[in-house]
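Before anything else, here is the set of structures, which you'll find just below.
In what comes next, subunit A is part of two complexes: it sits with subunit B in the first one and with subunit C in the second one.
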Partner chain A sequence: MGLNISLAPEVLFHIGSFTVTNTYFWFFCLWLFLVVGAIIFKSRIKLMPGKFQNLVEMAISGAYDFTESIIGPGKKAERAFPLVATMFFFILISNLLAYIPGQAAITINTSGGIVPLFRSIVADYGFVFMMTISVVILIQIIAIATSGPFAYIGKFINLRSPLKAFLGIMDLIGEIAKIVSLSFRLFGNIFAGEVLAAVMLFLAPFFVPLPFMFLGLLTAVVQAFVFSVLTLVFISMASEVSPEKATA
Partner chain B sequence: MRLIEALGLDLKIFIAQLVNFSILIFVLWRFAYKPVFKILEERRQKIAKGLEDSDESAKKLAQAEEEKKEIVSLARKEANEIIEEAKGRAETRYQEIVDKAKGDLKIVIDDEKEKIRAERNYAIKEVKKEAEQMIADALLKIFPEKANEASDAKMIEKALEDLK
Partner chain C sequence: MEIEAAKYLAAGIAIGLGAIGPGIGEGIAASKALEAIGRNPEASGKITPLMFVSMAITESTAIYALVISLIILFG
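For the complex of A and B:
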């Protein structure tokens, strides 16, 4: 048996014209779990917390404190928090899901051949791309709302001097680069981790993959953190009226 | 295009994920983040209130203690005063009673004395009378013929008067 590594997520089945890939399947499962979990959680929340509520409270308030420490307290943190925290928790949980043992062995027989049922959600570029493009578009909206449309355009197209024109083009490239760097950083790390684990498992099934799995576990946490913190930093930068923008 | 295919990008999945993710953000915000912040704030306030209340009650306790001391000392002072006053009153009352008893006794004694004196006077008078009679009788017996009752009586009386 050969090692089958696919960059794209494997197609599980079709609902009408809608293609369900294995990552989308798990995306939906996790989504459903979180939505239902949140609703149940809300109905059971108490002033005297149980163990689980304590854990959730700690995670959420810790995340909020961290958000405040980066973007500053007040309205900004309050607005950015839901997006950033949801991204963080979602990426973290989906990364950690990959470490439930045994799931890699489950495959299903589809029209496109035998495909694994499970694939880490983040190891699908489509999902990461969706989040990244949303973040980048959001950043542009925030920047326009903060410094006004003319200042925003003026940041990229500036004909007052050749240097400023050049810097404007660099800024434009920088914005596009954000999409690529942000998305491929997350996707690349997780996908590479998966591939590495698969290769190691293929070459030496016992003990040897363990260190790589631990590394992958570290990556899972760190990348979830990095992605949300970078998002936060981008939002924070876009929402500040810098003197550069003000004079542009 | 080949890159998109290789990466497995699918517009429908993209839209589905975008919509679902937005819903997830909303749901988590509405059902997880907000309630948690609310309950944390509530708890914080409750704890603050509890601490405040405990401070207050400690203060009140101290105050009550102080008040108690004050009341006790005041009561003690008052009790002492009352006892002192009662003692004084008892003293005067005792004096009064004693005085009254003395007075009463004196009256009784005086009365008795008076009675005794009267008795005595009466007895003396009686004795005198008896003696006069006896003397007169005796004289009459001795000197039967010279008896003049009126002068005799005068003489006897005079003699008795001198005897005294």
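For the complex of A and C:
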């Protein structure tokens, strides 16, 4: 087949020993856009909102209400909301960037051959993995902070009975499986969408890929939602005091 | 069998078998959620996001199979 699909992102250029890949390039562009946009937006907030401010306020307050409905109102929601909402909007925008028409046609000539300038940021496993790792570490910290270090370790290493020891090991495996499942879900869906779109474009260039692209659009929104909601659910599970400790 | 042919076969079998379970599971999740919405249409705002989350969790095994077959094909 004339397709070239690679799991790793394509290398654009090097700065010293630092490799800049096309996903990193787009990540940096998007980061800059969001940060500068947020600063400009913040300086222009008015008491009487305009059209754009109204839209943003609606999106943010809707997201906040949804966060409260999952994690419960009050301080927990206030603390969890910035992280989860940032993740949602970042993943959503980076997924939707792939649907700008014509971006796939732009290629540049590098020392490693001709490579496409654009690649969906989430289709780089490195980025998704780092995001997931930071989420899982955060969850462990929250769990330690709420139940105390001894109760936290006691959840995994419990020698009171063989059954409890076994369940502790299963809990440990479950924590590690969180990293794998959370990251592979996002990466796999987006990468598979890209591959599917490429294969369909290769087989039949006109009209046939459209339903698949629509499916990809749906996936882009749903996966951004799912990743942030699962993060939220994990945080709320970790921040709940276990029933054993509540009765003790 | 040549190694290249075995690779393609393995990728096809991996994703084909891996998609069976989540396909059934997601169908059950969707049908139950729609049933619940049909019984109580006011609760659809609460049911739909939960349905998406549980479907995403159900999907994980298919995603594992997909990743394995992608690694076999392109890795």
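The definition used in the following text is that the second predicted complex is superposed on the first by the 242 of 248 C-alpha atoms of A that agree within 3 Å, B and C clash if a C-alpha of one lies under 4 Å from a C-alpha of the other, contacts with A are read in each partner's own complex, and residues count from 1 in each chain.
Just so we're on the same page, a contact is a pair of C-beta atoms (placed from the backbone, for glycine too) under 8 Å apart; a residue touches a chain by one contact, two chains touch by 3 or more.
In this text, all values refer to a predicted model and were calculated from it rather than measured experimentally.
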Partner with the higher number of touched subunit A residues, subunit C or subunit B: B
Of the partners subunit B and subunit C, which touch A:83 in the superposed model: first, second, both, neither? first
Which superposed partner A:7 touches (first subunit B, second subunit C, both, neither): both
Looking at A:148 after the superposition, I want to know if it touches subunit B, subunit C, both of them or none. Which is it: first, second, both, neither? neither
Indicate the residue numbers of subunit A shared between its subunit B interface and its subunit C interface, in ascending order. 6-7
Please give the residue numbers of subunit B that touch subunit A in the complex, ascending. 5-10, 12-14, 16-18, 20-21, 23-33, 35-37, 39-40, 42-43, 46
Which subunit C residues qualify as touching subunit A in the complex? 46, 49, 52-53, 56-57, 59-60, 63-64, 66-67, 70-71, 74-75
Complex interface listing, subunit A residues touching subunit C: 5-7, 66, 69, 180-181, 184-185, 187-189, 191-192, 195, 222-223, 225-226, 229-230, 233
Could you list, by residue number, the parts of subunit A that touch subunit B in their complex? 6-9, 17-19, 21, 24, 27-28, 31, 34-35, 38-39, 41-42, 45-47, 49, 56-57, 60-61, 64, 81-83, 85-86, 89-90, 124-127, 129-131, 134
